[in-house]
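Have a look at the structure below, then the notes.
Order of writing sets the chain letters: A, B, C and D. Residues in each chain are counted from 1.
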Amino acid sequence: MNLRNKRLSDEEFFKLREEVLASWPTGKDVDLQEAVDYLKKVPEEKNFAKKLRKAKEEGITLAQPRAGVALIDKHIELLNHLSKEGGADLLPSTIDSYTRQNRYEECEVGIEESIKAGRSLLNGFPAVNHGVKGCREVFESVDKPLQARHGTPDSRLLAEIIHAGGWTSNEGGGISYNIPYAKSVSIEKSLYDWQYCDRLVGFYEENGIEINREPFGPLTGTLVPPSTSNAVAIIEALLAAEQGVKSITVGYGQCGNLIQDVAAVRALEEQTEEYLKKYGYNDCVVTTVFHQWMGGFPADESKAFGVISYGAATAALAGATKVIVKTPHEAIGIPTKEANAAGIKATKMTLNMLEGQRMAMSKELELEISIIKAETNCMLDKLFELGKGDLAIGTVKGIEMGVIDIPFGPSKYNYGKMLPARDNQGAVRYLMTGNIPFTKDLIDFNRERLEERAKFENREVGFQMTVDDIFAVGKGKLIGRPEGK
Amino acid sequence: MNLRNKRLSDEEFFKLREEVLASWPTGKDVDLQEAVDYLKKVPEEKNFAKKLRKAKEEGITLAQPRAGVALIDKHIELLNHLSKEGGADLLPSTIDSYTRQNRYEECEVGIEESIKAGRSLLNGFPAVNHGVKGCREVFESVDKPLQARHGTPDSRLLAEIIHAGGWTSNEGGGISYNIPYAKSVSIEKSLYDWQYCDRLVGFYEENGIEINREPFGPLTGTLVPPSTSNAVAIIEALLAAEQGVKSITVGYGQCGNLIQDVAAVRALEEQTEEYLKKYGYNDCVVTTVFHQWMGGFPADESKAFGVISYGAATAALAGATKVIVKTPHEAIGIPTKEANAAGIKATKMTLNMLEGQRMAMSKELELEISIIKAETNCMLDKLFELGKGDLAIGTVKGIEMGVIDIPFGPSKYNYGKMLPARDNQGAVRYLMTGNIPFTKDLIDFNRERLEERAKFENREVGFQMTVDDIFAVGKGKLIGRPEGK
Amino acid sequence: MEKKKVVLGVIGSDCHAVGNKILDYSLTDAGFEVINIGVLSPQEDFINAAIETNADAILVSSLYGHGEIDCRGMREKCEEAGLKDILLYVGGNIVVGKQDWNEVKQRFLDMGFDRVYPPGTPVEEGIRDLKEDLNITE
Amino acid sequence: MEKKKVVLGVIGSDCHAVGNKILDYSLTDAGFEVINIGVLSPQEDFINAAIETNADAILVSSLYGHGEIDCRGMREKCEEAGLKDILLYVGGNIVVGKQDWNEVKQRFLDMGFDRVYPPGTPVEEGIRDLKEDLNITE
């Protein structure tokens, strides 16, 4: 492995490919040329990249759920319910957690036990085990574009199987599907493996098949400051573009302060486009995805509807191309198909009421956008510097040094010294910056905002705020204030 | 009856009072002096006016449901459920429709049949029939301030009974509880009867009891342009202030375009305060109430949650002092207590997430505020002119002439030539102004906005837009566009 | 062909006017002669209007929940007034709360209504049924 | 008094780290010595850590839904490894989906867990129980 931000050569790619396909029996059924032919016949409205581009042009926000169960027939039933009853615009297949760790033997156990128990014992669809045939069966039984959503550091075999299966989008990236999802996979390894996934998409693009790629925006879903997730999204977009990816959806997870959230999406879209242009990737279509609140949810279903709808409203006002939908069961467990459809319906109703409405520009919004962009630039500039111009190398070094530092990331490769907390309006700020190379102005700005809250709450700025904020939404508030405040 | 905008003399008031109390047997139990003593003992947190003032100072938005059933014990059970399980901040007692028409005999039938059937056959709480004693029983069994919410052109006896019963707020007004609720009650008569209700509150104020009054903002709840409902609210505020009312909550029903809705609430609060000052009422406390969407609802409960939460978010961003909550049963029928609590919980969750957040000022918001204020001024100026300075007289004449014209008002005293429709962003505009005395600039502005929509939809501006807009929200959209648009 | 006449109104102490205005507009548009007695109308007003105009059908709306009380005995009063077998429809939100629709429907059929419509019924459905019941062919 | 030792971790292929970090922080704060093996931990890692440190209790978190598969046989493995009667707690979102809690609890009690916690259990509750079960008096 010799990681650089450079398009994998055909030689390297096809050599790796042999290993990849040999790693589990279903790998041998992937035939790239046959897959290209298959994908050429996919109608326009079932192609993920095309549907996203159209939505962007029309200025509308599409709704997409998360969903996946162990068995093919149940999975088809589920997806059709979400499409027809729920009104989903885009369909997912959430992949189970064993597959994410490449533990396909355990998937077999999960599949068998699910058949026996008559209910899914897996938390997602084990696409590798079901193989190209199974994936196509699903794809041919639904009426919308399909995407794999997972959290897999090494998703090379998965990518081969789902794309050959007709699924025209894959979520993930070398950072975003490592640090929140793994403990001991090096960044070098996961970036390299995701170059493979991106290169595969690049290969399809060169053969006339549009396939969408989506870095996972929310990361740990827990108080991630916008500039941190935006920086990661932009890195992954640049790395993907280098491998030939053309349709890129950058993502962001709702923090809860409306102006900050809108600013984050706007900054994300603009900066992604700027960086892509700057580094010579001129023919990418950049779209955005907004994730409804990704942290701990309230257990009460009515309250959950409030969180869901507020997220939908924010997505619309931000002008995101799509929104990922939560469900009223979020706090408890994987939703039933009914609960999942309910989340989509509340979302779509809200989107429909806000169709065509955008948050107007204001002094406050302008300020937030400029702060987020400045913070993001600090991180990205440093990575390029560390990599002497090579972003892949810079990223490995930078994450090791804490230039990018993801709160609550379980990976041992994460620096883990940054701490976030909400300010007095609920915007997520940097409480401790660890090694993030911010300018003094930016550090002061973050600090001042937190001091304002501390004063209001009559306590010190500190880790207790972070802890309180983690539980706040679950308890029915945005900001974790002391009792009686 | 000699209607003028002049504080009723004690002589006139107490003479009328005899008749009023004699109109139904429970009237004789109202003893004003005893009521003052009773109300003096009401703790601060159960006084409506005080709780609203505190919320305004703290900049928070309170949530209040609508609810009422025929029998006292069931009504108490209902209110306690909404307070404890739902988390309502303020409690209502919605009055049944027979009481609203002063048909107390039919209430008796409804009460009896409800006992027999074991379910409420009345659509609200018949407070007059239950009398002071019944109202106090309710009040003493709950832990929050109580308000009567109804739609009664002549609510004099009702007002006497509820206030003596410890309920410290009364909704309504001579226009807002006539035109949407009656067919053949003259404006002269209803304004006069509401002067009585206001004077009663003034009497209490003079005796040291704070009581809140709330003109009914949404009127027919169906595409009412902001300036029309704002004008009515300001008139009723001025008329109430003249009778000695000090705590006034002006209201507005959500139209659905976020900027227009926020602008409407801001304009309403500012202009009400301006007009009160201008006419010498310097010690009134003005608060605002935002009604979640008052028109036809979607029957699907998840979609209803979307509408409810979006309304809650708008209320918070507008900075309204309270929000009136809808329920997931809205399209079908009076909600169960569980459904009602569910609506409150979704609302409060949304309010909590937005606590302290306000929509920032922008060019767009500024424009909307200025349009609404200009339109409102056109109507109010004309009324003062018609009344030669007397607003009560001017209002009677003005409504007859269509200076104020409420869409879909069933009253024969309503002019009925104005037609509203949504523009291309969903804001409600004047399609036909009838006799409303707008300047040419304002008429052109409304027209241009509608033409923009017509162009987009490739059809003419016209009544079909209005019809389509009436059904739109029920069908899951804000704007009633032709198929495929 | 002569236009069929329908009496339209909202019964009892009910003030919901929007649906009534839409029904008036749509029925007229569909070729009926509409006698609209509006909101807040007692049974007697429906019956008198039907007698005066020799109407073919009475369309009762009830939105506010008291429909069950307000509609009782209406069929009998029609008969007494000599309106034999006049078509009697009712629609809107005719009872208090979310109740089992089949039961609700039966209650109103038992009262003598020919057709009973659930909340949110599209106008087109009422018009289609009217044409069928009055043997109108386009 | 010597600190009681608890092994803490998230079992199986589960990466949910936030609750784990909070539990670590709170247990330490409450006076326990915490051996936190973190996320993505197989049964063996819990057991080895408990043996190495001579721990008093093992606290298993499972959030992602595979808890039922991942926890099976854990009590037996403890016994085999010589951890006789070690306290075994499990909590989080331990099964797939919203299921009847009493049934779920029974399933895990039958597997040999001493205490089983539903979603969203406050940390304080776990700490209170630990103190009770380990006879810690403040």
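Operating definition for what follows: contacts are C-beta pairs under 8 Å (C-beta built on N, C-alpha and C of every residue); 3 or more make two chains touch, one makes a residue touch a chain.
The shown structure was predicted, so the numbers you read here are calculated from the model rather than taken from an experiment.
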Going by the touch criterion stated earlier, list every chain that contacts subunit B and also contacts subunit C.
none
Rounded to the nearest Å, the gap separating the Cα centres of subunit A and subunit B is 44
Taking each chain's centre as the mean of its CA atoms, how far is subunit A from subunit C in angstrom?
55
How many angstrom lie between the CA centroids of subunit C and subunit D, rounded to a whole number?
66
Tell me, which residues of subunit D touch at least two other chains?
none
So how do the chains connect up here, line, ring, star, complete, or something else (other)?
line
Who touches whom among the chains?
A-B, A-D, B-C
Which residues of subunit D touch subunit A in the complex?
12-15, 17-18, 20-22, 25, 38-40, 64-66, 68-69, 93, 95-99, 119-120
Complex contacts: residues of subunit A adjacent to subunit D:
96-98, 100-101, 103, 106, 109-110, 113, 119-123, 151, 180-184, 220, 222, 295-296, 299, 329, 331-336, 339, 408-410, 467, 470, 474
Could you pull out which subunit B residues touch subunit A in their complex?
256-259, 298, 300-310, 312-313, 317, 341-350, 352-357, 360-365, 424-426, 473, 476-479
